[in-house]
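Some structures are shown below for you to check.
Two complexes, one shared chain (subunit A), two partners (subunit B, subunit C).
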Partner chain A sequence: MSIHPGTAAKHKAPDSQAAANAPKVRRRSPTRVNPALYLFPLPAVAVIAFFLVMPTLQAFQYAITDWNGFSAAFNYVGLDNFIRAFTNDSLFTNALTNNLKFVLLVVIAQTFFSLILALLLTKNSRGSILLRALFFFPTILSSVSVAFIWKFIYDPNFGLANSVLRTVGVDGGAYLGNDAQALYWVAVTQVWFHSGQMMVVYIAGLQAIPRELYEAAEMDGANKWQQFKSITWPFVAPATSIVVAYTTVQSFKAFDLILGIAGNPPKSSLDILSTRIYSTFANSEFGYAAAQSIIFMAMIALVTWLQRRLLRLTPKGE
Partner chain B sequence: MLASLSRRAILAIYAVIIIIPLTVVAFGSFKSTQELFAGPFSLPHSLSPDNFAEVVGGQNLGNSFINSAIVTGISVPLTLFLASLAGYAVSRLKGFMSWAIFGFLVLGMAIPAQANMVPLYVLFGRLGLLDSLAGLILANVVSTLPIAVFILGGFMRTLPKELYEASSIDGSGPWKTYSSIALPLSAPSIAAAAIFLFVIHWNELLYPLLFIQSPGNRTLPLALLSFQGEFQTNYPLLFAGVTLASLPVVVAYVFLQRYFVAGITAGASKG
Partner chain C sequence: MSQISRRQAVALLGALGFGAAAAACAGPGGSPKPAGASGPAAPSTGAVTGKVSFAHWRGEDKAVFDELIKRFAAKHDGVEVAQDISTSNDYNAQALQKLRGGSIGDAFATFRGAQFKNFTEAGIYTELKDSQAVKNYQKGLLSAGQNGDSQLGLPYQVVFPMPMANLDLFDKAGAEIAPKNWDAFLGMCEKLASAGVIPISWPGGDVGNGGQLFNCMIANNAPVDDMCAQIEQGKLKCTDDWFIKMLNQYKDLRPFVQPNATGTAVEPAQNLFSQGKAAMLATGSYHLAAVRGLGAKFPIDLVFPNTTSDGNGKYEGAYNATFILGVNSASKNQAAAAAWIDFLSEPENAGYYANQTAQHVSVDKVEYTNPDLKRLSPWLQKKTALAARFQFNNLDVRNAVEASATAVISGTSPEQAAAAAQKIVDERL
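Here is the complex of A and B:
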């Protein structure tokens, strides 16, 4: 996933080649860059600079103030907001704990589950293609819609889950009403919502594996599990890094789903960092909300970096 | 034999877990509350549009639908236009400048929307963009421009340089080359990016929640969210709202399914 595919290399190669060949080739310069080309990216650069980069830098400034967003006067309070978040704000540390728990649950469940779906649907039969389309479908819905669908499933009195359980004579649970479990049930919803999308990423990885490898392995008498361990898994390792990284960011930002399923503001057992930042903001604590958002950004960066260090998922022999 | 049987069983169970909730919602949007609770799986007694009439009229969902259509209808092409201009320039410029422009634009992918929402809110306040559809459009464009540049720029780099050179030799300026060569040849990546953006912009919740105050300016996801407070357990009404809000993406998905998968996974594997 290099950000800029081979720019440096691309532009060095012809130069050194030209030098090695003959000076004549060098003199014939390639088509010159038209200066008007610099106007093309200008609107995009201006928009990003003014509405994305500048506000992000400003967030660092707000974060060290006690600004309430309205009054002209405010004080610089140094790192007080950051200290407050970690030592003197149980709402924030609760949201942080919930968020990390939620990310861990969803990443493990979704990676595992989407790989299984992909393995079962690799073949391009008509049935597989149909099921892939079906499993992918929830991804296109809005989080609020998905939240409402699952609110109904989990409704303790009228809900789908409990009415199914009742027909087989089992007492259902309170689901979201049970504070100890609520986060797990939202994790289930998140997995239902996005597994199909990650399944497709895995299928692309699986289909790139040369068939001959399996044939050769079979001739050598390798069983299915051995084939998975020594062929499939090493080959889908890059897809796994993508799935894990994307799922991490996606579940850190499950803001819409939480608000839809739990209401605004969500109760403390379902409060995560993004909903907490929003509540702080809505409470007119602009400086403190900015500090929280910087912690949020740092947290995503840290977890993503840790995964890269720990997983180091590259195909064997590369 | 046993393996293929358990494979089928897993797939069948998951298919049911996807299909059942969706059918219950679609059927439920035609039912009364009593009818829904009596038999969530049964077909509705009648295809009465009462629930839809109520959410469109009484709850102003019709108005939100129009707002969403305006915001999405402008945000998507505008993002694509700016991204394709930038992508084209990046694919034709050389060396450091190309790298620097691309890097600057794409870096924004690492910034989550929550990170700069407070300063953006303040800035929008100063510019008079709060509580306006124009503000939503701008926020949408800004938030998705980085990934759009990544997808389109990445594709345009793979176009053969000879085509550009031939076009310059024919005397075309950069604009002509962009519009008559680069854009048509990039159609597959533009289609993929368009669908990706459509899904994101149509479903966007955070920016409307931040910026919109008056009910007349609500977009669909925001209007739906405000339902939740008012109609805690009036599920048929919630379902009618969900059905209505999902209709455009569902219809597009049925016809353009392949492109959706290409678009959203392009977003996933590159985001």
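Here is the complex of A and C:
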């Protein structure tokens, strides 16, 4: 039973004299420590201040200027750069649209594909282990290598994709040369590149499920779908939160893959926010590029926060 | 040592953070003037000695420059030249920041166009108008290094951004190597196609290399020589008749480029040409060494797609003067840096560079011994237009305008493609 604070105070009042006569309990003074101890975090603080805090603050400052990155002359332009990005720069809005489309495509495909892989390869048989290694293999490659490998796979003249199609009498397409399809083909590459890694996250979740649950479900006559719905999914749901969050951030920042596969600058059908920011810096619009970077940062933070709010997938009972 | 409270410690760290914030709020660029760079006075004179840093992006020329450095050092006691080589992308992004302090790049190279303009505005160049070097160049090829009356840089290489032709395939098809007008050019492509080869290998998937054809297509179509500068300034428009006419000529090329050309990267395009599957490679003479490296054995010449209807075009070809040499105004060793530039500009040394790298140079009286350069040398005397695409200073505008041509090849109507490009230009005005 809780006591109302006011009531408690009233009850204590008659004892105040006694309390005054009681031996004084020493009040805790502010912690006093040897100042030398405070020197230990200083290198870390200095590194964070100079390599994280300062550049971030500077980015905010540059974002409200028209600085070109080279000259001493610049003007403060307020929020003009931010307004321009959304009202008078179709290259930026195109990159934003491409990026959101790319993130959506990759998150859905990669989550689904890596879950399927994990479900198929959870058992510790020799074949499964070999296949797991095979699917995990792309993850250890550098993104630049992956970009170059796929660039040649997609080449319409000498590429693997069209060579295979030609053997069955089909004329392949231009792939990256087709503006309507290019982003989808890069999404395929991104899914191939990272699904192995996400598969491992799912396998870890799957292997934590007690076998007895499945045995009991089978005895009760539950079919495979019912077992998945009632046992597997509740257990792997938290892993899905991780997979989706990680994949989202990864797809937002697929800079090296896009630049490697599409060249610099990428054409507009493959331009995403990070490549657009890079192009703006290269175009000597430092202030505007800084504003775009801040929008980009805010967008990732917002999407990640939204995901955390919307995808609170936890096992039942928690 | 006396003890401090937690509050005092927090205050100390706060002060440090405040200091960082205050430092961050210093003006962009950090200094009111580019450190050390002082603008275009002539390089200082004195003894040719000490260390010279030579900054550039042509890693593939390192061995050739090493040999030239040896020869230079043999002429001057105590002088040392070190190459500071970046990739071309890094050079574009960082060179000015590196050079403005003068610690590297006593002598340096720049790209033509936006980079040259940025370097000029930052006061990085010294004035070379009265230098020994400038006297060795062909007068007509120096304009890319000029700013008003000043000769700030010396455009060293000369490249021809025109389609290279496999002469064996042209002979076999009975195709004309120098078509007089647009119909003749299309007729030539027709003959090549009838002979069973791809007339033009075009790397439409590579923005930089695919864009070189634009220099030829625009040269005789535009009403003025500074057409790209005027597009960027809004004085000319992509939706103008002359530009639409040029895009319609791109449309004429659709049947003559390889299938799915807009998805072809530069290396596969080079392969089609080197393997004799394509009669032309629509990039430029700067790919001579690359296609020879890929095994091309046939004789190579250049073809100019003359876009005029009557053959009375102003230009017979297109060229670009790039790799612009300069002496850093912030350098502490300008005398030796200027001597190095003088040395590179002597016909004998420029000739060595040219023949070893398969690149023409702007230096006069150079003897070309490389068979490809010898064959293409007559182009140095023709009336060629300075590559127009490098007039753009805004890369977004350049890419958008060139992308209109790629869009037409991939099936978009010229009018639609032009309108899309003009939209970007309008936004950047």
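Assume the second predicted complex is superposed on the first by the 274 of 318 C-alpha atoms of A that agree within 3 Å, B and C clash if a C-alpha of one lies under 4 Å from a C-alpha of the other, contacts with A are read in each partner's own complex, and residues count from 1 in each chain.
To be clear about the criterion, a residue touches a chain if its C-beta (ideal position, glycine included) is under 8 Å from a C-beta of that chain, and two chains touch if they have at least 3 such contacts.
Given the structure is predicted, the values throughout are model-derived calculations rather than measurements.
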item: Partner with the higher number of touched subunit A residues, subunit C or subunit B; value: B
item: Touching partner for A:Asn223 - first (subunit B), second (subunit C), both, neither; value: neither
item: Which superposed partner A:Asp89 touches (first subunit B, second subunit C, both, neither); value: second
item: First (subunit B), second (subunit C), both or neither touched by A:Gly177; value: second
item: Contacts of A:Asn124 with subunit B and subunit C, given as first, second, both or neither; value: neither
item: Which of subunit B and subunit C A:Asp155 touches, first, second, both or neither; value: both
item: Subunit B versus subunit C as contact partner of A:Phe286, first or second or both or neither; value: both
item: Those residues of subunit A which subunit B touches in one complex and subunit C touches in the other; value: 30-31, 33-34, 36, 38, 45, 49, 53-55, 58, 62, 69, 151, 155, 158, 263-264, 281, 286
item: Residue ranges of subunit B in contact with subunit A within the complex; value: 3, 7, 10-11, 14-15, 17-22, 24-25, 28, 36-37, 40, 82-83, 85-86, 88-90, 92-95, 97-99, 101-106, 108, 110-123, 138-139, 141-143, 145-146, 149-150, 154, 157, 164-165, 168-169, 173-175, 178, 199, 202-203, 205-206, 209-210, 220-221, 224-225, 228-229, 233, 235, 238-239, 241-242, 245-246, 249-250, 253, 257, 260-261, 264-265, 268-271
item: Contact set on subunit C toward subunit A in their complex; value: 1-7, 9, 12-13, 16-17, 19-21, 23-25, 27-29, 31-34, 89, 92-93, 96-97, 114, 118, 121-122, 204-208, 258-265, 268, 271-272, 394-396, 399-400, 403, 406-407, 410, 423-424, 427
item: Touching residues on subunit A, where the partner in the complex is subunit B; value: 1, 3-5, 7-8, 11, 30-31, 33-34, 36-38, 40-41, 43-45, 47-49, 51-56, 58-59, 62, 69, 116-117, 120-121, 131-145, 148-153, 155, 158, 160, 163, 192, 197-198, 200-201, 204, 224, 242, 246, 249, 252-253, 255-256, 259-260, 263-264, 273-274, 277-278, 281, 286, 289-290, 293-294, 296-297, 300-301
item: Residues on subunit A engaged by subunit C in the complex (per definition of touch); value: 30-36, 38, 45-46, 49-50, 53-55, 57-58, 61-62, 65, 67-72, 74, 88-91, 151, 154-159, 171-179, 263-268, 279-284, 286-287
